[in-house]
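Submitted below is the structure of interest, expressed as C-alpha cells.
Letters A, B, C and D mark the chains as written, and numbering starts fresh at 1 in each.
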C-alpha cells in the first residue's frame, strides 16, 4: 500500500467515521451524565447506561485501531497521535478532539464561511463548554459522598467549574478529595488553555472590528 | 426595494435612532437601579419606575423591528443579528452594543481621532463598566433576601463584581442563590472577554509608547 | 512665544526637573511609609513626616503648573494631560508616571541599550512594584483599626497585594472597609494592566529567544 | 586568550558540562524531595541526603566559576548573567535555566524538529512543572509545623500550587507563615510569567491550526 493510496483511504475512513463518532461521543456524555445525576434509577437502568457508555468507548477504540492500521506505522503512532491515544484512554476528554470534526466538516464543505478568529472562538468555546460539563460531572461524582465536602449538589459543581475556568476561583466551594482535586487540575490545564485561545481571538476580533469603518458582521447596512 | 435604497434607508434610520436609543438605554439603567436600590420608595414610585424601564424596552423592540424590516430578510435576521436579538430579550445587556454607537458616531464625524488601541481600550472599558454596574445590580437583587447570603449590601455586590471582573475572586463574598450564580456566570463570560480586549490593547499601547523616542500622547513637548 | 521655542523650553524644563521630581517622589513614598508603619514615633515625628510629604506634593504641583504654563494651553491641558492631573490629585499614584522618567533618560543617553520588550518588562514591572507597595500601605492604613478586619499587619497587606496583582486572590485576607475596598479596586485596575504588559512582553521575549539559535542575552559564548 | 578561542572553549565546556549538570539538577531535586517528604527516615539517611544536595550544589558552583573564568570578565559577569547567579544562590530555581539545556541540545542536533510555538509550550511547560514541584516542596516544609496552617499534607501543598499557577487561587488552603508566603510570591512571579508564555503560544498554535486546511501535526492523512 503506497503513501498515496493510504492518504486516500485515510480520508475516506474519516469521512465515513465522522457521523458514528459524533453520535458515539454524544451518547457517551449523555450516558455518563444520566449515570451520575439520576441517582434514583433502578440498578438495571444503570447497567444499561454502563453498556451504552461502554459501546461508545468501543467505537472510539475501533476508530483508533483503524487509524493506526491505515497509518502504516508501528508503535510510533501512539506518541505521534498522543491526543487520540489520550482520548482512547480517557474518553471523557473527547471534546478536546472537536478540532478534528472541524477538519472533516471543512473537507466536505470547502472554504469556511467564518473568519479565522471567529472559528477559533467558536470551536475552542464549544470544546471548553463540553469539557467543563464533563469535568463538573466527574468532580461531582468524586465529591458527593465525601465528608466535609463543600460541593454537595451538581449545581455547586457547575458553579465551581465556571469559577475555575474563568480563573476567578472564589473558593466558597472547592473539591476536597484527592481524585476530585486531580480532575480539577486536569480541568484547569485543558480549560484555561482553551479559554486563553478564546479570549485572545476575541481581542483580535474586537481589534479588527474597530480598525474598519464599515462592518460586515451583523449590524451593517444590508446593501454592502 | 433594491439593496442600494435599503442600505441608504438603514443608515438614515440608524442616524435618527441613535439619540433616542441612547436616552432609552440610560433611562433603562437608571430606572432599574432606582427600583433595586431605593427600597424605601412608596409602591407608586416603583410602578412609575417599572413603566419607565418598560418604555425603554419598547424603544429597543421598535428599533429591532425596524431593522428587521429594513434588512429585507426573513427569520435569518434573528440569528445573523444575534447580539441585537439578545439585547432585545435581556435589555440589561445593552452595554454590549456600545460598539454600534461607535459606528454611528464614526459615520457622523469621519475619521476617529484616537488610535486604534486607544479606541478599543475606551469602548471595551466603558462597556465593561456599564455591564459590571448592571451585573452588580442584578446579583444584589437576587441575593439580598437569601438566607446565608454573603452579599448583603450593594457595596458588597460592587466589591464582588470588581473582584470577579479582575478574575481575582477573593470569595469573601459570593452569590449563593441559583439565579445569582447564573447572572454571575454570564457576567464572567461577557466581562472577561471585554477586559481581555482592554488588557491586550493596553499592552499594545505600552509597546508602541516604548518603541518611539518621542511621544505625541500627553507629555510631549507642545511644539511637535 | 512660538511653538518652537516652547518645545525647547519644555524640554529644558523636563531636563532640569527630572532629578528634583525623582527625589520628591522617593521622599513622598518614604515619608508616607514611615508615617503609616512607625506607629511608635512621637507626635512631633509624625508632624515632620507630614511636612516632608507635603513638600514633595508641592514639588509635583509646581512641576504641573510650569508644564501647564509652558504648554500655552487653557483648561484643555487638564484633560489632555490627564495622567499628570491624576498624579497631582493623588500623589501616591506617581509610579504610573515612571514612563516619563524613561523619556527623559532616553533624551539624555540617546538610543536605549535594552530591547523593546525588555524595556517594557523593566519599566512596567518597576512601576507595578512601586504601585503595589503604595497600595499595600494605603490599604493597611484603612484596615488596621477596622472591626472584623482580616488584614491585621503590614505583612498581611503585602501578601494580599501580591495575591491581588497576580490575580490569584486567595481571599484568606481581604479588605472589609469601604475605603480599603475602593483603594483595592484602583490597585486592581492599575496593577493588572501593568502586569498584563509585563506578561505579554515576557512571552514575546521567550518567543524571540526560542526563534534564534544563538543567544546574545546572557548565556552565550562571550566571543559573539 | 582571544575572543575566538574563548568562544570555542566556552562552547566545549557547555557540551562537556551539560550531562553532569543535568544529573546534578535531578539529584538535587530528588534529594531535597526525599529530605522533605520522608520524615520517617533515620537521622543518618537525612545526613546522606544533605550530602547529596550539597554535592549537586557544588556542581552548580563549579560550573558558574568556570563560566565566569571563561567569560574573561570581572564582577560584571554577576549582573550580566543574573539568572545563573540567582540559580547558584537558590539552587531550587534551576528549572528556570532549562532553556539553556535547550541551547546545548540544539547545538548538538542541529535544526529543531518542533515548530517555534510548540517548543515554547514544551520548554516553558516543563520548566513551570519542575518549578511548581520545587515550590510545593519548599512551601510544605515551611508550613507543616505552623499553628493554624491550612496546608497540612504534601497533597494540600500540590493542590495549592496548582491553583496558584493557574491564577485560580481558591484560598481553601493557603500559606500562613512569613517564609511560606515569601516562597509563594516568588512562585507566582516565576510561574505566572512562564505559564503566560505557555498560554500565549498555545493560542498561536490553535490559530495556525485553524488557518490551514490540512494539518501535518498529528491527525492528518499519512501520505501528506
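Convention: a residue touches a chain if its C-beta (ideal position, glycine included) is under 8 Å from a C-beta of that chain, and two chains touch if they have at least 3 such contacts.
Just so it is clear, the structure is predicted and the values come from calculations on it, not from any experiment.
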For the two copies subunit C and subunit D, what rotation in degrees overlays their C-alpha atoms? Round to the nearest 5. 90
Pick same or different for copies subunit B and subunit C, depending on whether their interface residues overlap by over half. different
If I average the CA coordinates per chain, which chain comes out farthest from subunit C? A
Subunit A to subunit B, mean C-alpha position gap in Å, rounds to 31
Cα centre of subunit B to Cα centre of subunit D, whole Å, reads 44
Find every residue in subunit B that makes contact with two or more other chains and list them. 167-171, 200
Residues of subunit D defined as touching subunit B within the complex: 167-171
The answer for subunit B against subunit A in the complex is residues 3-8, 10-11, 70-73, 80-84, 99-100, 102-103, 106-107, 116-117, 119-120, 123-124, 150, 164, 167-171, 174, 176, 178, 181, 184-185, 188-189, 192-193, 196-197, 200-201
Which subunit A residues qualify as touching subunit B in the complex? 155, 159, 162-163, 166-172, 198-200, 202-203, 206-207, 209-211, 213, 215, 218-219, 221-224
